[in-house]
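Just so it is clear, A, B, C and D label the chains in written order, and each chain counts residues from 1 on its own.
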Amino acid sequence: MTDTKTLTTEQPDQAALKPAVRMPAAVAHGLAIGGGALTAASAFLAWTYSSSFPGDLTISGYPGGLQWLTLTAGLLTALMGVIAAVPGLRVLAPGNPGNATLLFAVGGVAVTWFTLIAIAVQLHGLVNLTSGGWVAGVASLIALVGTLGLPRAPGSTVCAPTRAEWLQTLYAGAGLLAVGYLLHLTGNGAAGLVMAGAGVVPIARLCIVLKHYTGPTPTLRAAKRLPVAVDVVLMILMLALALEIFAYGVDTPYGQLFVGFLAVLCFSLWALSQSGLLRRATEIFERNRAWAAVLGFLTAAAFVFVQQSDADAALGVNVLIFAATALGLNVVVGLAGLLDLGYVAFLGVGAYAAALVSGAVTSSVHATFPFWAAALTGAAVSGIFGVLLGAPTLRVRGDYLAIVTLGFGEIFRIVVSNLDGVSGPNVTGGPNGIVNIPDLSILGFNLGNPHTILGATIGRFANYFWLMLIIMAIIMLVFSRAADSRIGRAWVAIREDETAATAMGINGFRFKLLAFALGAALAGLAGTVMAHVNFSVVPDPFVFAGPVPPNSAFLLAAVVIGGMGTVSGPIVGATLFYLLQQKLTFLQSNELLIFGVALILFMRLRPEGIIASRRRQLEFHEAEDAPAAQLSTAGA
Amino acid sequence: MRNRSLLMLTAIAAAGTLTLSACGSRAASGASGSSSASSATTVTIGVDAPLTGPLSALGLGIRNSVDLAIKTANKTNEVPGITFKIEATDDKASPQQGQQNATTLVADSNVVGVVGPLNSGVAVSMQKIFDEANLVEVSPANTNPSLTQGPSWGTGTKVRQFKSYFRTATTDAIQGPFAAQFVYTTLAKKKVFLVDNKLTYGVGLVATFKDEFTKLGGTVAGQDHVTSGASDYSSTVTAIKASGADVVYFGGEYPDGAPLAKQLKAAGYNGPVVGGDGMKDDTFIKLAGTASEGDYATSVGAPVESLDSAKTYIANYKAGGYTDPYAAYGGYSYDSAWSIIEAVKAVAAANNGKLPANPRQAIETAMAQVSFSGVTGQVSFDQYGDATNKQLTVYGVKSGQWATIKTGTFSG
Amino acid sequence: MHELPQNLANGLFLGAMYGLIAVGYTMVYGIIQLINFAHGEIFMTGAFGALAVYSKLGANVSIWLALPLMIVGGVATATLVAVLAERFAYRPLRNAPRLAPLITAIGLSIFLQQLVWGFPGNKSARVFPQLPGGPFHLGSVVFQSADIFVVVAAVLSTLFLAYFVRSTRTGRAMQATAQDPDTAKLMGIDTDKVIVIAFAIGAVFAAIAGISSGLRYGQIEYNMGFLNGLFAFTAAVLGGIGNIYGAMLGGLVLGLAQTLSAAYIQYIPGMSQFGSQDWSGVWAFVILILVLMFRPQGLLGERVADRA
Amino acid sequence: MTTETTTTPAAAPAAGTPLLEARDVVMRFGGLTAVGGVDLTVNTGEIIGLIGPNGAGKTTFFNCLTGLYVPTEGQVRYQGQLLPPTPHKVTQAGMARTFQNIRLFHNMTVLENVLVGRHTRTKEGIVSAILRGPGYRREEAESRAKALELLEFVGLADKRDMLARNLPYGEQRKLEIARAMASEPGLLLLDEPTAGMNPQETRATEELVFAIRDRGMAVLVIEHDMRFIFNLCDRVAVLVQGKKLVEGDAQTVQSDERVIAAYLGTPMDGAEAGTESTTSTEENQ
């Protein structure tokens, strides 16, 4: 879709730094601020006649659903427009407030027009839009035009795509339309999706243009150090805001709202990074690492207080289980460079081990371990399986490992299905699994019972959420400390060049085995909690690819797309994946199809993942930035 | 440079989802339920089934049948003053997802009962969530006896597991032995070869069949377990032929049953293949072709053509304009939804025609008394929450059609 | 034990099919060291392509007339998919780190499965036409027309491939590229073309295997490529990856191992519960691990010296 | 290059005792004999050169010494102990090497590369890495100090946070030497350390090798550059067609007619041509 040649920065041509739309600066500022304000105001109007569009946008005077997002985007545009217009407010946006205003305005256009189109499509026809809807649409466009008239940042290029690029876009779009139409004729369920993809192509092209237009992220001089107390307060505020935004996203009741939310969020983040605020925020977190860790943990724990019901906490638990497992896989894939395609089996081993010693009636082992012992058992048994599997295969060429692990993932399910006393010894209860696993009881506190803290009812899943959060913290600690140690260096060395690593005295086999076993043990640990959360362990979920995470393919994707070798990458990847497959229900059965395409596109466009470790970053883009870069920001 | 390529990718993703969801917002259109009666209370009946993925054919049949039941109830004003609404959730055949759906349904105070799930493996992760909220759950498809009667049901110690869990599906404990009696007595085959596909349904069926069949005096010539979806059953076929068995009992669904039947007949085996309701599907005959001739499958309830309610249901379903077939569990799903409606009716009737503020507990209690003539026959629940309807019918493949062979009530 | 000949024959038929798929894995791996994870799906698209041709022809056309057309259709579909995949998914990543093309391959595999699944009627198994005739009896062994088809196809394909690789210009260019792609390029060999041809040949073989599978089992499914692909790759490793005869041999060994383990493991004292068909996949996997432990280069593979 | 810094020299046995003894090392690949019975002794404090025309089997011999190849015949002893045929154990025993074609860990920083070299001299395992007890911290600090000192020694201290791949060629060579030295070897094996260097860089490398010897390490070096070798080495062995032709001090070797013939080219016979092509692919890796 893009080719890297257009991405390489061209020499900023000072003469070309005129805005895209020529107008006096005062007019531009005025239009930007006014358009933003008007957009915000239009959210209070009724946009449609029918209340059957989700969120009920028929009420004047009170915004609903997607209108809130338009309101937010409009306000942000106006606010940033003011900052851009008044030189004395530059402290508030040390980077490039003009660009930030532009991007907020684009976010506003995106969410507003998306809503209008969705209304028109869903209710069949433009007649469903009231004048209020048109006001919103026009207002957002006015803001956009205004921001396009703002002075441009140095380093940006107005590079209208070349003729060839437009043609490319055209062909790609037309091709997708044609393919989509063909699929439609054959009745394929993915037809609409492919045709919609045709709409994405020009939008993507526009995004590229926008990217050039805004130029690189501004570099800032380090800000003055603030007192730690101020920093802490700022961090608390930022984290609280992030939590609120996250909770809003998690709680979006219908797909359209989630999509609008994502659009506003993406463009707002882009705008914040252009405004320099993101950089400032990062600085604060980086200079108070210990505080940041503690506050981050507390913020995550506070999630259960901002949730609407225990259903959100259930979602949170599942996300955490998925993310923790992905982080375990990151040891294997990201650090040691070993491809494990059957990783979910280790989660299964942990879950089964915990279920067996849980005291469930259906367990074939009649023993009840306390949780700490069960967790250790799960991790240990899983680690042992890792060693058993790794010992014969880690000696041979790396590619074979992929197939052996894939095979292991598959036969794990077959084996546990057969260990039911009929076609194998009775261990796992066969296809019926181990069911009615009792809730955990830690220090006499039963996690199954709801209780009240600070006036809020903390339900069963909230309890497990906290437990899982602690386990997550442990896994993060293990990962980051192992990565930054003699062991972690040995893993990376093996990944980089195994022959050279052994010549440096590293026992390649032993360390690969260690990575494999540690990864397996971490997955096993997550599995122990999963068994209790789900009340049961059955063979079916432990597949290579399925619609619901965790499964091996999703785990791998969370690591790879999130960012190999980093702590935050797999967590971000896992969260994003889980929420997307939960929220985008309008994709119907096409989630896996999208997932497959996403994997391919990511490998093409950004193989280092969303959060790139500094190593990966350079590994994948060696051609792009050959000049030596002093690495100041640590990735891992 | 690098960060920008990420930003771009997210922007593309955002743009993509924008375009997509604008085009594909069909999700909400599945919900129905007219709100004609202005003063009416609207309550929700939840559905949990795999609506997407490989099992979606069955899941959609469940959802549509519940939808049909709700529409019918609203149309006939079955419960005066109360309108029903459907809330369908997709569990994607995953226990995790099912559990999450359960918490979502529990959190919605309008939900008075839930139909589902399809998979026993999903059920076990949901039962307790519903139970703690006293929210009635009626499964149209779970056949594992231990879901209601506890893990030791086979040894006679039956203990009700969850007071909120009911099912209209018949359990393996009835269907397997019924098939065994049919094979041993009616078909007079005394030497059976057992095959299952190592999934919950098949394993349970084969186990109960085996117990009853040996109790009757038959012999088990051999037993094999096949990988679901593997389709190469040549070693199984060879073993069956070598065992000298005169009948094969297959525990599993038709996608595995059909190739087995086909490969058996192709290899020159002459005995019939007998299966459960998972095999009694027209696709079985389509897939296995002429090889299916003479095979048998048991199914719950009286023969379809003898039940007026079933005929009405099928006609209404067709008239309802659903794009997906009602599939194997459509009838049970309709009955499941209807049983909830009946319970709501009973509660409302006992409370001056209105539902109490939190009716869940009352509805759960009322479920035990529910009794009506449904699609699959008389529907009511016993002390474990199982369907009391123990009538089963044997169908056989005759000239490319399922034909009723025998119907009867299991007693044993 | 008197059914031994029958079991051997069953294993042979199954193994021939694995071998046909395995050739694709082994050729691509031999040349660009890529596990083409999506090859199982190429196999699947081959079968569906053939079925599409059949359903267009209508039920009145004799199967003997339809079969050649179905083969053409299946082969064309599979080859098209493979070549497109090579061109648009793999080629841009030729110089990327190892993990990138592998993950692309996984994505492609999922994508192809879902795409085929999306066609109406493909959500569950589809009926595949049957070859008339049979069952044939040879001593105590019973087999079908489709079994003859798969064996003949495997033998002919192997002979063709042997001729192709040894005696044609392209075949020799292929060998040279496998040995050392850089030198081959310097020698004027169009390595891109060679790689495309490797993908295409693999796809042709996979399509034939896909059609055999349909003919033998009477039904095809969108996910049929996963398990078969997994076993075929195992077969390729077993035979020595990179060696086309190894792929065939590995397929046969694996097919026999699966059939025989399903039939006879239960007679080993203490193993009576482990002999079902369901366990045979596990035993195939155990064999793979054993081979990797004791003969990592595979049955026919050559020892690759560790390079310093 | 920095001048002498205070370091603790690697535990060096009394000068002049044999450190490495290779006896009759034979390496065959299939029917092809790459190394045919080479003897070589390196004593403590010595700098030994190994020269020979392309394809003479020098790198193969190196690989036999360092455990990458298991010699078909013959023995390699280090400090009297038979060396195990696994590279990491050889390094553990006290022999470290560099590679002909630089094999750094490209995506690790300069400092991390040297820290990896410390691997065999550190012990902390996974548990202590996670718990970060005082022992771990001490060891990590020591490793760091040692690594920084080595970077100082080769002149790369100010580039410690750069990625190895971004270093210029000559500095990559230096880094590879520093990385090898980090394992505190008694004997350092350098495989063509000046390949691709200009004369100034070559001279600097010469100085560096002497400085390394002054730190108490013996050095075995493969090289093409005659002048470099003859300036540097106490003894030089010449390998031709997998066999040791001559061994002696620079003077002896330089005046040996067979060496001149081997280098200046009496036409090679057919077998030699074959040997050359195959061995060179091995060396190319």
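Quick note on the criterion: a residue touches a chain if its C-beta (ideal position, glycine included) is under 8 Å from a C-beta of that chain, and two chains touch if they have at least 3 such contacts.
Chain-to-protein mapping (UniProt): A, C = Branched-chain amino acid transport system permease protein; B = Branched-chain amino acid transport system substrate-binding protein; D = Branched-chain amino acid transport system ATP-binding protein.
Just so it is clear, the structure is predicted and the values come from calculations on it, not from any experiment.
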Chain pair showing more contacts of the two, A-B and A-C: A-B
Reference chain C; chain at largest CA-centroid distance: D
Central chain of the complex, centres being mean CA coordinates: A
Whole-Å separation of chain centres (CA-atom averages), chain B against chain D: 72
Mean-CA-position distance for chain C and chain A (Å): 37
Separation of chain C from chain D, taking each centre as the mean of its C-alpha atoms, in whole Å: 47
Sites on chain A at which at least two other chains make contact: 414, 417-418, 422-423, 499, 589, 619
Chain B, residues touching no fewer than two other chains: 56, 198, 223, 225, 227
Multi-partner residues of chain D (each touching 2 or more other chains): 68, 99
Complex contacts: residues of chain A adjacent to chain D: 477-478, 481-482, 485-490, 492-493, 496-497, 499-508, 514, 518, 614-616, 618-619, 622, 626-631
Chain B to chain C touching residues, read off their complex: 54, 56-57, 198, 223-227, 229-236, 238-239, 241-242, 255, 258-259, 262-263, 266-268, 283, 286-289
Residues of chain B defined as touching chain A within the complex: 1-28, 52-53, 56, 90, 92-97, 99-100, 103-104, 106-107, 119-121, 124-125, 127-128, 132, 144, 146, 150-152, 161, 198-200, 203-204, 207, 223, 225, 227
Chain C-facing residues of chain A, complex: 183, 186-191, 333, 337, 339, 341, 392-393, 395-400, 402-404, 406-408, 410-411, 414-415, 417-418, 422-425, 499, 544-545, 553, 556-557, 560, 564, 589-590, 592-593, 595-600, 603-604, 607, 619-620
Chain B-touching residues of chain C, taken from the complex the two chains share: 2-3, 6-7, 10, 13-14, 123-125, 127, 130, 134-135, 142, 144, 213, 216-219, 221, 223-224, 227, 258-259, 262-263, 276-281
